[in-house]
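Some structures are shown below for you to check.
After this come two complexes, each holding subunit A, first together with subunit B and then together with subunit C.
Moving on to the complex of A and B:
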């Protein structure tokens, strides 16, 4: 199997949201002598980026495609990382969680899965995260981005969610150090809502969120 | 005409003085009664009283028997609901934590004997006594394909659905469909007559058209066939679904469709015509930040699209508590003004 054929087969598997097929391609690549590093940087990352780009442009893209893209990307990357000779260089760090009072974890999981494959270190704080913890963990891990997911209106707009994270950063003089990104259903119904809650930017879905976070990390580090 | 008669006229296309006007002020009832969410939702009497007061104050047509969506999970064993004062309660304890829990999941033989049903029954009894002869009483029922999300979490459900063992998935769906069939029968028997069928997987944005046809449609048929479609409203959790209306009409014969604010209402109305009730929905998240003037303009826009030819209802989403009272008033006043027929 040539390298081009491997890349093509992997991309097809990801576009078909076929996890089994993606792993078959990866195993075939290993048996053909590709290293784990080559698989991640020459197959997985370009494949994930291509899928992310395609589904963010496609108005008919669906939740299953978003979910499986993230699942495949995260699982293949994790498996390959265990075979790396040296730990890979991450492009940056994000602390990620759902807003205080919100227990919906799907969007966060899609974001985290895609980011892992883009070599972004994800500090996943889980669900129902107090604002103070977002700031503490961002400082502790020297993150560039704080990402807050909300599925419910009151957790998006409430005083203990993103608005409080912004207030805490302002009080501590840390606003220049971190970018805040929000995402989740309420933001799709009001595209200006992210500004109201004090975020720097927002994304309409998990895949777009991962792309945005990777871009903001580069901006903060520039 | 009573609101119930106005609704019936909109469904059948008969003459009526105005369109039906539905508004969903669920959590606002607690504030109205000066109670915490936890205290409010602990009692069917409170929920009924809150609903009756909100309806009396604003003059819209419907009342709700819904406490919160997680109530269905409580009927299936959920023991912890996270309450907060500024928004809807949500499920904090998943009934299904491992696939073994799916085998153990039991659908109560008689839902109405379950302790978690008793407050709902009280609420419905009061609503039926007070306004049942004149006003529509709404109930909220989750489709079999979506109920797993509140039993195990949406991401765990998607993982099982998309890449888990098919026999485990089908066992869970079978149990959830049986639950739906029992639940819809219980609500009908208790007096609910507008049954919001919450079926987000019935929108193509969840699994695509292929998944809609191969997965969602057959399970929706299984949910609905035993009890029929009387009073059922097709609702996809605010996701757009115009592209499947034709197939839902053909395959399920559902008579009412709650159109997402993100969808093209004119397109939906053109597809449905006189074959079903088109429900135009005000974007309740934008309502938080709009002025009363903007609210009025949006209601006028929706009525101008939907009202010609009848078969139209104006409704809202779940109306977050952050929606200002002035906007609720402006919305209802505009609905009566622009929703009236000459």
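Moving on to the complex of A and C:
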């Protein structure tokens, strides 16, 4: 099986959101002598990026396919990471969660899946996360970015959401250490909202969010 | 000032000064309201009217999306997008349905029992107060006779299909909150009036003899009815504990309802996302009297699930999305006349047959028709398990009946079905696992609510909404919540019945369960749920 054939077969499995088929391709690649590192960097990451960009442009693609693609990327990457000869080189860390009062976890799930494939370590704090916890965990894990997802207007603009995280960072003199990224439906309806709530930036979808977070990590570390 | 001439089946009506508002808003102040499922933001496409003459604003993006080219050519517009730029004449395209429709006897469960010793007012009213529909039954409790039962639209629908819209409106505009409570009261009274007159002829509404009133509903509906606001519902502290929506002052209720002997009973909702309608459905299906491994499923915008393991009733709710109630789809609608309720494939690849409720021309899909459509497209190879069309159908979607553009299904519609069915199936699987059970341990699966009434079980199983249990194990209970209320009317101690069920409940919030999102994503593909595996290993 040639490398091109592997890439083609993997992309086809991802396009059909067929997780089992994707793992079959990966296993075949391993048995053909490809290393786990090669599979992640030459097959999984380009495949996921291609699929995500196709989905974003394709009017017939849907949200369900977004979720499934991100899940396949995350699971294949996680499995390959355990087979890396050297510990994977992580570009940085992000603490990720949904704002206090908000239980919508799926948008965050896409971002987390893509981030793993981009070699960003994700500390997922879950849903309904108090502002204090975002800051505590970011300090504890020495993260560079705090990412807060809100799917409802009142949790995006509320006093106990992003605005509070910003206030806590300011009080503690930590604003230089962490960037805040927000995402979710309310920010799409009002593109200036991220500034109002005190975030450094926002992203419209999961792939864009993952790329933005990777970029901000580099900025913080620079 | 522009004036609007409205033509309906009953004649012509002139509205002066209509130019300042959208046509929908102008009509809202009259009795010729248009149906709406999105609160007037152009998202549902149900408020169609036809412009006969007169200058109006150009078509909006929403109208291009929601109306077919042929409909636009006929002059159809969405009333919520339409503004007058001078005197105009419009026709109401969607006939306003009669307000109350009788619930057929065969759709109602028998409720044996009577209260011969009952003192005082003998009549009782049972109400299932849904976000979209109201179901009302009137009983002579002393004799154990159902005088009649009917259903109609929840009049709050004009303030938005979404409960969040209504709650926030009630919070920001107390006057609107009062109107929303008042219009539901008025609707229940008008239903009761109709039921009395159907039974005994005009002028025979016996208001003074009405005693017990049992109302069940989701927490938002109860909050709006009791005018206690929605603030409590948005507070995380209340998501997993009961909220009390008992009428604070029964005397005030007697005055407001103009019923001197009214004894209102509003069993408390289970938690922020689980209503007392679930308690009523548990009573109706006698879930706790059955074997361990009995599961109750009420599919809706907010899908509620209860699993009886012989000791505890594990309860959860998931936001299934409004797709199965016909909302949020391009041509989605409630299970009303003109809705495609069944789709079947013609043998030999000869296309599809769409059956509508009432045999009327196709207006759109209701939940059961939608499941059928996805299942037959999947079976015929037009759809892949990923939810992709084999051949992209283009902007107008895939018309299952080529003669009717309103039979079209778009990629976004398929997506909505995938997400709704995945949430439902994954939540059932999660509850089973928490109770230490497998799919095959389910002896009963009770599908409650109007959604189940026309459901094709084979199709629901093929797309992975329901597990492939033997047909006899799956029961459909179309009016379960109402039946539960009726049972409560005929019980001497109704409150105790509800308390008993509530006392067995273990409330589970899936958002806090590790791995919930992965489980949900794993159920997104359009394929059957594997029955002989642990739910954890589901596809």
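Just so it is clear, the second predicted complex is superposed on the first by the 216 of 222 C-alpha atoms of A that agree within 3 Å, B and C clash if a C-alpha of one lies under 4 Å from a C-alpha of the other, contacts with A are read in each partner's own complex, and residues count from 1 in each chain.
Throughout what follows, a contact is a pair of C-beta atoms (placed from the backbone, for glycine too) under 8 Å apart; a residue touches a chain by one contact, two chains touch by 3 or more.
Quick caveat, the model's predicted, so the values are computed rather than measured.
Applying the stated clash criterion after superposition on subunit A shows that subunit B and subunit C collide.
By the document's definition of touching, of the two partners only subunit B reaches A:186; subunit C does not.
By the touch criterion defined above, A:48 lies against neither subunit B nor subunit C after alignment on the C-alpha atoms of chain A. Of the two partner chains placed by the overlay, only subunit B lies in contact with A:196; subunit C stays clear of it.
Using the contact criterion defined above for the overlaid structures, shared-chain residue A:11 touches neither subunit B nor subunit C, since it reaches no partner. By the touch criterion defined above, A:77 lies against neither subunit B nor subunit C after alignment on the C-alpha atoms of chain A.
When the two structures are aligned on the shared chain, A:157 is found in touch with subunit B, with no touch to subunit C. Within the superposed three-chain model, A:149 lies out of touch with both subunit B and subunit C [touch as defined at top].
One listed stretch of subunit C collides with subunit B once both complexes sit on chain A; from 111-119, 129-137 or 201-209, that stretch is 129-137.
Subunit A uses residues 17, 19, 60, 62-65, 67-68, 71, 101, 103, 105-106, 109, 128, 152, 154 to touch subunit B in one structure and subunit C in the other.
For subunit A in complex with subunit C, the touching residues are 15-19, 59-65, 67-68, 71, 100-101, 103, 105-106, 109, 126-128, 152, 154.
By the touch rule above, subunit A contacts subunit B in their complex via residues 17, 19, 60, 62-65, 67-68, 71, 101-106, 109, 128, 152-155, 157-158, 185-186, 188-190, 192-193, 196. The residues of subunit C lying in touch with subunit A in their complex are 164, 234-236, 239, 384-389, 392-393, 395, 411-412, 414-415, 418-419, 422, 509, 511-512, 516-518, 520-522, 524-525. Contact residues on subunit B toward subunit A in their complex (touch as defined above): 82, 84, 86-88, 90-92, 153-155, 158-159, 162-163, 204-209, 211, 238, 261-262, 283-286, 288-289, 320-322.
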